[in-house]
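Here you go, one structure.
Note that the chains are named A, B and C in the order they appear, and that numbering of residues resets to 1 at the start of each chain.
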Amino acid sequence: MTTTQYRVIGTRPVRHDGADKVTGKAIYTADTKLPGMLAGFVLRSPHAHAKIISIDTSEAEATPGVHAVISNADFPNVEDKIADLGEGSVNLSYLSANCMAQKKVLYRGHAVAAVAATDVHIAEEAARKIKVEYEVLDSVTWVLDAMEENAPLLHEDLVTDSLGEKADKPSNVPVHLHFEKGDAATAFKEADVIVEREFKTATVHQGYIEPHAVVADYNEDGRLRIWTATQGSFTCRQQTAEILQIPLGNVLVTPCEIGGGFGGKITVYLEPTAALLSKKSGRPVRIAMTRADVFEASGPTPGSFMRVKLGAKNDGTLIAGEAWLAYDAGAYPGGMIGPGCMCVFSCYDIDHAIVDGYDVCLNKPKTSAYRAPGATQVAFATEQLVDEIAQKLGMCELEIREKNAVKEGSRRVDGPVYPPIGLVECLDALKQSEHWNTPLEGANQGRGIAAGFWFGCGLKSSAACTVNSDGTINLLEGSTDIGGSRTAIAMQLAEVLGLEANDINPQVGDTDTAGYTDVTGGSRVTFATGMAAYEAGRDLQQQMRTLAADLWDCSTDDITIGEDGVFSGNGKAVGFKALAVELFAAGEHLVGRATVAPECPTNGFGAQIADVEVDPETGKVTVLRYTTIQDAGKAIHPSYVEGQLQGGTVQGIGWALNEEYFYRDDDTMANASFLDYRMPTMLDVPMIDTIIVETGNPEHPYGVRGVGETPIVPPPAALANAIYNATDTRMTELPMSPPKLWKAMQSDQASE
Amino acid sequence: MSASKKVHVTTTINGEDIDFLCEPRHSLLEVLRDNLGLTGSKEGCNNGNCGACTVLLNGRPVDSCLVLGAEVEGAEIETVEGIACNSNLHPVQECFLEGAALQCGICTPGFMVASKALLEKDPHASEETIRFDLSGNLCRCTGYDKIVRAVQAAGQKMSTEV
Amino acid sequence: MKEFDYLAPESVSEVVSVISEHGDRAKLLAGGTDIIVQLREGLREADVVVDIKKIDEVTSFKYSEENGLSLGAAVACYHLYEHPELSRLYGALADSTHIIGGWQIQSRASVGGNLCNASPAADSIPSLIALNATAVIAGPNGERTVAVQDFCTGPGRNVLENGELLVSIQIPAQCSNSGSAYERFIPRNEMDIAVVGVGSWVRLSADGTIVEARISLGAVAATPLFAEEASASLAGKQPTEENFTAAGELAKQIATPISDMRGTDEYRAHLVGVLVKRTLTTAAERAQN
């Protein structure tokens, strides 16, 4: 499949929405303006943990220019309903309370009230006149502290579910997960070498440049129209409808162009609030988060504590693994501990393993997915231990990975058996790469490698295409486009029909016009929505075959469709466009459609090489050279695949070296701005070389595997391994910022 | 309500004479986006740390979130909306598109303005200079690799065009 | 942001009378890169914002071999590093202004504003101190001067009294065998506040011996500091790594760094030594060329 020569797939056309994006014409949510629109401002808790005793909005309401004020009293009671949001179930009362605090505030930044006024400054001034009486409670922001017996309790009724059994006392731990494969205890006894370490990772944020924003218009006819920056208009619609307790069909969500998501724009934050303000004021309302709000009140990743152990034989075979993982859930249950448990040993064929994972509530904003959620943390642990074992055995770190890499038929600790996958091919590409074969010899320099994995899901997508009278196609799909996906989807349709990418006008529809489509996330869009577009194309072809049979006076079975989309039958051979024009002229107009729900993951594996130089006087790490290698199955638009690899890698570099939430003594965030939340600038990273491996995914017509998430998994580990090779100092905490690395190097030197 | 007295400002934006009224506390970014409908410049942080609001003020790149509307009396402003010439894209715009140097596109307007200023100053800017001069423009999607290459390609185009 | 009035006077005396009238409720606006953020975040408040950029005296600069550099308080950073002669003569100040906050910030932010904002971590102040700069202040009682090393009195506080404003900064003329440099440590490569910043200036004799040195430390005390003892220790010494390291050790002694999210006190103290050594080395190289 991957050796097929395609016409469109594998080329690099300019994206369909490109001109709008480079001219400033593209409309993002905060650009949206409706007549009579008011500006909203959300009042947020200054405390990390407190009971709300009272809220007095009277002064705010009396302020000239203010049209509506809301608080928890305006939100319907959703009790403890569980809603299925398509990619997991969610407790609605938690979701609602996260949008507007009910009886308690659980993190600094937790919304407590909101104002709509004629401009945002007036709204802000009025909001500051709202009197909220708090009873401040003890708070906790470190995962192990939150697990202690006497830790401040966030939810009075939360008890731990441990393998289906409920604990009898409340705690901050909603769930304990346990996975077992083989007999790890015995296997460790048989190991020739064992390494075990504890690791800590700090909270980091997705850091999208566009803050959350929403425009809500509660129409007089009862329909609620929402324009929003969301990765999933259908899940946004459902969450909003459920929280407001209004019929799903009354809500229309229009996804505007979106300025980055990375998993952080799937949960709703502002939509219900904006809707209620609109309903109360009778006007459309726009709310945008400030940058500080984004950090303090939208879901970052879990911080974590991990204890991981690996055992191996002298020949380098990994035979036993053990992991104890505690991940932040944030203020409400439902963190990323599950994927963390599943990914900790996902790259290596280890016969015996035992994994315990704990989801832990604490006084931070509720965590959200951040590109391969939960995987980067465990990779930081496991990939370093693999290096350590290699070192103890005098083995090359690439060789030990090649020896133990999972393949088709390997079973993961949580049960699934891998179908055909591409880790071995990635490691091979690493071995052949120019980077790996270029010696690194400078003082204080080191090279590190790491592997990474993410599932890549399928879920549901829909596509519909209408054929224009000139044979071009309007493609309607429902995947919000964060990175150029509408073009990759259009290219797959173009390929199957024998058209050019420019013959397709792709459009991202809203929840009224597009067929049901799950989120843009999970590395699924090029795979699943592309598949839907392909199937819609196939649907079109079958219809045209039947109609052509009429035109050409033969039977449908007599007409074949070639790889190039040419229809042949009864002595004729006509391309798609020509046939479409002919059919249209004959009075036949065409609509093709498809819905898909592929169940299998696409299994994206990758490996990365990092070269660093460490300044011994300051502990500062300079990334000298970086190569990211990943199995894309088949790269539809190579430039955008490269872009995913490079973007995820640089996020990982930031996570590794400088990004973290700093907390003050009162558990409020000290660095809620881009000044001190230090994401990489372009001066902080080198070029990121990429190598796309294409093993071909048998589950997709063109072999696509999802690529978006895996690149963020290896960087902290690759850099940690590189730092170790440069300095002999092993860093077990993220970020590996200069003060920490310098201190660790000092300690190591002192103990020599 | 005592609204502070509005200021009447006369300025030139993208070559056109424009005047507007604004409150003293309104930033240039707010004026562009809310008063004048020029929503191409974006708010990413509102405190001068991300460059998404970059415009040229008298030929120099500035963060428009840190300029008051009142301050631009008599000034010349260029925004992303003024970079293309009629229907023709500017080389930086073309090269960003050809080089796939954008993903979500929210930082792109800022990069358009800053890159144009950089390349007009120095069309042969080295990778190092590009990375240094554009370090005030954050991008979270691309990892910067393709952006640097697109700026270099645009510089080449600009120095060969008459 | 709370509302305020906006004025753009055209003379220093007009500014003096406005700010005398409003006292602390008036805030001066030069580049705006600090004050607008502070007003927006409620860290400072104003009833009236006074834009001083229409005043020629404050927005112009002049260099002469006799009098050195007279730098208007609102002159933007980029002038210091884009001007070929000034950037050569005042290396430390060119270093500082080229790394304050990125190109967009440097188009607007002024050295004068950086000084008046009086952040302990300000990037231009150690350079000004190393270059022995003087602040020229205008007020209701006329003009006065204050050495820059005495200008800051605490984090965010300076010597300006009610009704006073900084009009210009005077930096002495430079002779051919002097050189200066500024370096800061930050975790990234740009856009960060200094964890530690050091400005150094040396003047060499014809045979290459140090005649005079001035070392200034930033971000390790409540205000930027002039390291008097460390500076004096270099007189008559050779510009060697050993001597520079020793000066660094002396400089460390006056530093009283804190631990915060940008670094620990131990780390900052250590960096003082590293950066003193590095800036003296660069300053000496520039003096030799």
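FYI, contacts are C-beta pairs under 8 Å (C-beta built on N, C-alpha and C of every residue); 3 or more make two chains touch, one makes a residue touch a chain.
Every value quoted in this text rests on a predicted model; they were computed, and no experiment measured them.
A count of C-beta contacts for the chain pairs B-C and A-B puts A-B on top. Core chain by CA centroid proximity to the global CA centroid: A.
Inter-chain centre distance (subunit A to subunit C, centres taken as mean C-alpha positions): 44 Å. Each chain gets one centre point, the mean of its Cα atoms, and the points for subunit A and subunit B are 29 Å apart. Multi-chain contact residues, meaning those touching two or more other chains, occur in subunit B at positions 23, 25, 46-47, 49, 132, 134-136.
Within subunit C, the positions touching two or more other chains are listed as 1-3, 189-191. Residues of subunit A in contact with at least two other chains: 121, 674-675, 680-681, 683. Residues of subunit B touching subunit A in their complex: 1, 23, 25, 33-34, 37-47, 49-50, 52, 79-81, 83-84, 89, 92-93, 96-100, 102-109, 112, 127, 130-132, 134-149.
Subunit C makes touch with subunit B in their complex at residues 1-6, 8, 29, 31-33, 36-37, 39-41, 49, 51, 53, 78, 101-105, 107-108, 189-191. The touching residues of subunit A, counted against subunit B in their complex, run 12, 14-15, 17-19, 21-28, 30-31, 33, 64-65, 121, 206-211, 257-262, 288, 290-291, 482-484, 637, 639-640, 642-644, 646-651, 673-675, 679-683, 685, 687-688.
Those residues of subunit A lying in contact with subunit C across their complex are 121, 124-125, 617-618, 620, 657-658, 662, 670-671, 674-676, 678, 680-681, 683-684, 737-739, 742-743.
If you check the complex, the residues on subunit C that touch subunit A are 1-3, 185, 187-193, 195, 260-264, 266-267, 270-271, 274.
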